[in-house]
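Paired with chain B in one complex and with chain C in the other, chain A is shared by the two complexes that follow.
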Partner chain A sequence: MEIVVCVKPVPDAETRLRTSADGTSLDIEAVKFVLAGYDESAVEQALLLKEANPGSKVHVVSAGPAPRTEEVLRASLALGCDQATWVEIAPGVAPDPLTAARALARAVSSAPHDLVLCGKQAGDDEAGVVGAALAESLGLPDFSAVLDLRWDPGSSRLRFQRATESGVEKWEAPLPCVVSLQQAWNDPRTAKLPAILKSRKLPIAKVPLEPLASSAGTTRPTKFELPPPRTGAKMIEFKTPEEAAQKLVRILKEEAKVFP
Partner chain B sequence: MTGLTLVVGELHDGALSDATPEAVGVAQSLSGKEEVIGFLAGSSSRALAAGFGRYGVGRVVIVDDPRLDSAVAAVTAQLVAQAADSVGAELVVVGGTTFGRNLVARLGVRWNAAVATGVTALSRNGPSLEVRRPVFGGRATETRQLEGTHAAVAIRPHAFAAPVESAVSVTLTPIPADGIPPTFWAPKRLSVEAAPRGAGPTLTDASIVVSGGRGVRAAENFHLVEELATSLGAAVGASRAVTDAGWRPAGYQVGQTGKAVSPQLYIAVGISGAIQHLVGMVSSRVIVAINSDSSAPIFKVADYGIVGDLFQVVPALTAEIRRTRGQ
Partner chain C sequence: MPDFSLTPEQESLRDLARKFARSEMAPHAAECDRTPRFPEEIYRKAFDLGLMNLNVPAEYGGSGLGSFDQCLIVEELAYACGGMTTSIIANCLALEPILLGGTAEQKQRFLGPFCAEYHLASFALTEPSGGSDAGTMRTLARRDGDHYVLSGEKCFITNAPHAALYTVFATVDPALRHKGVTAFVVPRTAKGVTPGKDEDKMGHRASSTSTIRFEDVRVPATDRLGAEGEGFSLAMRTLDQTRTPIGALATGIAQAALDHAAAYSLKRQTFGKPISEHQAIQIKLANMVQAVHAARLLTWHAAWTIDKGQKGTLESSIAKCYASDAALHVADEAIQTFGGYGYMKEYPVEKLLRDAKLTQIYEGANEIQRTVIARELLRGYA
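Moving on to the complex of A and B:
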């Protein structure tokens, strides 16, 4: 099975968010970028499928600026991906998610792809659209919110569950298709030092970004706002648990007005 | 961007989902009532189109085809794009469910739309549309300009109010599910295990969430959290410590690798407040923390804090809520 996994570098979860000088986006000065959490699960899932299905290959693809995109591709190679492709996007404004999906589609369409895996969403822009947009570009069906993914060679079907608003759905689908994983239910492996060292020398194929068709809609960030810092909790003083409960209920009703 | 808006309805438990009237409300506030057209697909679309009429939408495009009951989003997206073109709509609005996000993503490619998801505010800014949406787990908000001739927007659940009901009669415009590539019909939905009824609202939909953390100490104590949630009609969540320990399944987890929630009220019980957890709940409107450690980081993001023994405070709180609600 030819497995493609799409990854994105995102600011580390512990990043202290600051607004850029022009007020339109996140200030990325001194921000540490890492492989997005959901994407880490997607890489793990790709590697598990490869291990369970001998002869499979995992091709990791990312679209974004230097150096962070190259770094997450190398991190994925160190984890065990076989091949990497980088669609280089000029630094500056982060690409609109649809632009990123189109860029990924260009890289994926020119390589073998039976199964394309994506994370559910990236922890920065939280758009959650890349998997479906990529599938539409490739003319493939896609499945989001997927849990528990298995390949059944007997029936040549992918079997999986989806956690949607209506409950847990069981599906089977032939390849090729695109799958966006719901959440980290697997326990992603960590790379070993020799593999990390080796990954620094592995080749990464580069694909240029194609200009957007003039008819295509796009989005442009105009403002990035941080909420006023929370000043810390108002502490409820009490002598008995019952008093604490009464005071809290009164506050929620009369002051916070959240309690019906 | 001017012109008509197509609101794509979603079905849930045999009726229009809550998100559908919310989407109608946004669309109507952006243009006139007459400029909003509904869309429904599936075997019950004809019967349920009247649900749009309740909110003043007098025209609904339907795809009355049972195959649409379990079709992949690729099929629906193709039909929505066809419907939008045939009625001359330039904007598609849908609730921000799993289905809604998939749909707008596909419309971005198929219909050349500017796409935004998780939208909490939508307005006109000159010729283009402007959206506001939380990012970084609600730790920041971004404003985006949607550029181009078409846009597809998925709104965040509960971010907008349903419009006041003003029933009109509905004219149906049926379209066939033609021209769909066979590969889009090949995947099969084998079964749906509905979320158990009476189990309370789902985490991401709930207006109140009560979550338990490591402080609960053991699986057999988690009922304290659940009883408090039941008294409030709230959904139950958990920190990663709880799901990692197997006290509750992974689906309960609120946080960076779990679900992101933004209810009106979030009550954190015995949760210290690791950043992993905070990014999943910090955008809640009001946060209450109950913890025995006064230096726990959760108190920095909470609005109200109780430093105390949860094994005493939580049952007292449950009893007080039951008492005030006459339960």
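Moving on to the complex of A and C:
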């Protein structure tokens, strides 16, 4: 099985974010970029499928600027992906999800792909668009919020679950298709030190981003704002649960004014 | 000129160590200290990730890192727990004599199978009557045909009760003093080898330390490292290599103490404001961060010197000595910043002081480091 995983570098969750001077982008000066959490689960899923189905290959693809895109591709190679393709985008250009999907589609379509895996959404903008847009560009069916993906060689079908707000759906689907995965359900592995060293020397295929007539400025963020600093919690002192409830209701009514 | 900006590869190595330290080691540090407990499952995971035999070349199954990269990893591990770090890096110390003094055949025979799976090794130099004074060694190695017969006792040996392999220093003739010292590789399963019980230590309580008794242990002459009488030089050259990571270990403890103190100072209020706004605490924190930076830079400089192929005796002694003194001082000031809470075992900083203390003592006490530093210094004036 030829498995393609699409990944994106996102700011480390521990990074303290700042906005740029004009407020239309994030100041990435001191930001540490890492493989997005959803994408980690997608890579893990790809490697599990590869291990369960001998002869399979995992091809990791990412679209973005240097150096962070190269770093997440190398991190994926260190985890066990077999080959990597980088659609290089000029620094300072933040591609919107549709542009990213089209860029990825070009790289994916020019190589064998039975199964295309993505994280359900990125860990930064949380747009959740790329998987579906990529499927549309490739002309393939798309499944999102997927868990527990397995290949059944007998019926030549994928079997998986979808986590929805009303419960878990059970699905099966033939190849080829695009699958966007839930985060952190499969305990993504950690790359070992020798694999990290080896991944530095592996080749990465580079694909230039061709001008996309229809995509320029499809969407554009107008303003980034940091959330207001949290104010201190208010502790309610009480002797009985009834007293605590009465005091809480009074605060919700008179101070927070959440109901009349 | 040294350039200490890290390469992407070094960033990745440091990230791996940091992730392991914070997710696998830190959650168990307090419990292993209190009990005490030797968390072998954590050491096994460290081995699985390639964080154990850092200095052993890849051709023998190790990670093949230079001194600088080892230091990046060791500092991150020690940030989470100094004691666990001592046990994780003890293999580097124990295997270094084989790397430096072993023949190609011995390296293949000892290191290959050893590094292929999780195993611990111990460096057995110190004796009850002397550590840094290795010239007074009493463990005897008596030649008997194509064997040596070892008898004597070693003490304060890291990981000894759990190790599969020992590098042992013994003398073929005590009258020769350090010129009689000879190095051997001895499996723990050899007849007559008995590790003692775990010592009850002030700090590094997740690590294991004990005596080893040798009672007429027959060691094939083919397991001798180098020639008779070369053992002392081999031990010193080994310590030249492994001293610098102890500077990194101490730096990790110091950084943890500083981080705890700074974070606490922003939360703790006295006289109507956070104590971080009191100048007395600001001066403390300012001095602590200077010590941490200096410790790290001296350690990195020593590692850079060694990676250039130089011996680095002066640089590594300065790094180990300064960083360990800094770690004790910074941990002490962290406790002072916490006040009464800092003295309580419920808070993390008193452990850092106990762990820091050992870094002034082991791998060459700081008194010996200062002797070495003075000797190297004065050589330039003679």
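Going forward, the second predicted complex is superposed on the first by the 242 of 260 C-alpha atoms of A that agree within 3 Å, B and C clash if a C-alpha of one lies under 4 Å from a C-alpha of the other, contacts with A are read in each partner's own complex, and residues count from 1 in each chain.
One rule holds in what follows: a contact is a pair of C-beta atoms (placed from the backbone, for glycine too) under 8 Å apart; a residue touches a chain by one contact, two chains touch by 3 or more.
The model shown is predicted, which means the values in this text are computed figures rather than measured ones.
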**Study point:** Superposition on chain A - do chain B and chain C clash or fit
**Key:** fit
Exercise for review: Answer with first, second, both or neither: which of chain B and chain C does A:133 touch in the superposed model?
Suggested key: first
Review point. Of the two partner chains, chain B (first) and chain C (second), which one does A:236 touch, if any: first, second, both, or neither?
Key: first
Exercise for review: Quick one: classify A:100 as touching chain B (first), chain C (second), both or neither.
Suggested key: neither
Revision key, fill the gap. Rounded in steps of 10, the angle in degrees at the Cα centre of chain A between chain B and chain C is 130
Revision key, fill the gap. Between chain B and chain C, the one with more contact residues on chain A is chain B
Exercise for review: Superposed on chain A, how close does chain B come to chain C by Cα atoms? Whole Å, please.
Suggested key: 8
Point to revise | Contact footprint of chain B on chain A as seen in their complex | key: 11, 13-14, 17, 25-26, 37-38, 97-98, 101-102, 123-133, 135-137, 139-145, 162-174, 177, 183-185, 213, 215-227, 230, 232-236, 238, 240-242, 244-246, 248-249, 251-252, 256, 258-259
Review point. Given the complex with chain C, which residues does chain A contribute to the contact?
Key: 67, 70-71, 74-75, 78, 190-194, 196-197, 200
Revision key, fill the gap. Contacts from chain B onto chain A in the complex sit at residues 12-13, 17, 72-74, 77, 97-99, 101-106, 108-110, 112-118, 130-131, 133-137, 139-151, 181, 183-184, 186-195, 202, 205, 208, 250-251, 253, 256-260, 264-265, 275-276, 279, 285-289, 294, 299-309, 312-313, 315-317, 319-321, 324
Study note, to complete from the structure: Within their complex, chain C touches chain A through residues 8-9, 12-13, 16, 19-20, 48-51, 58, 63-64
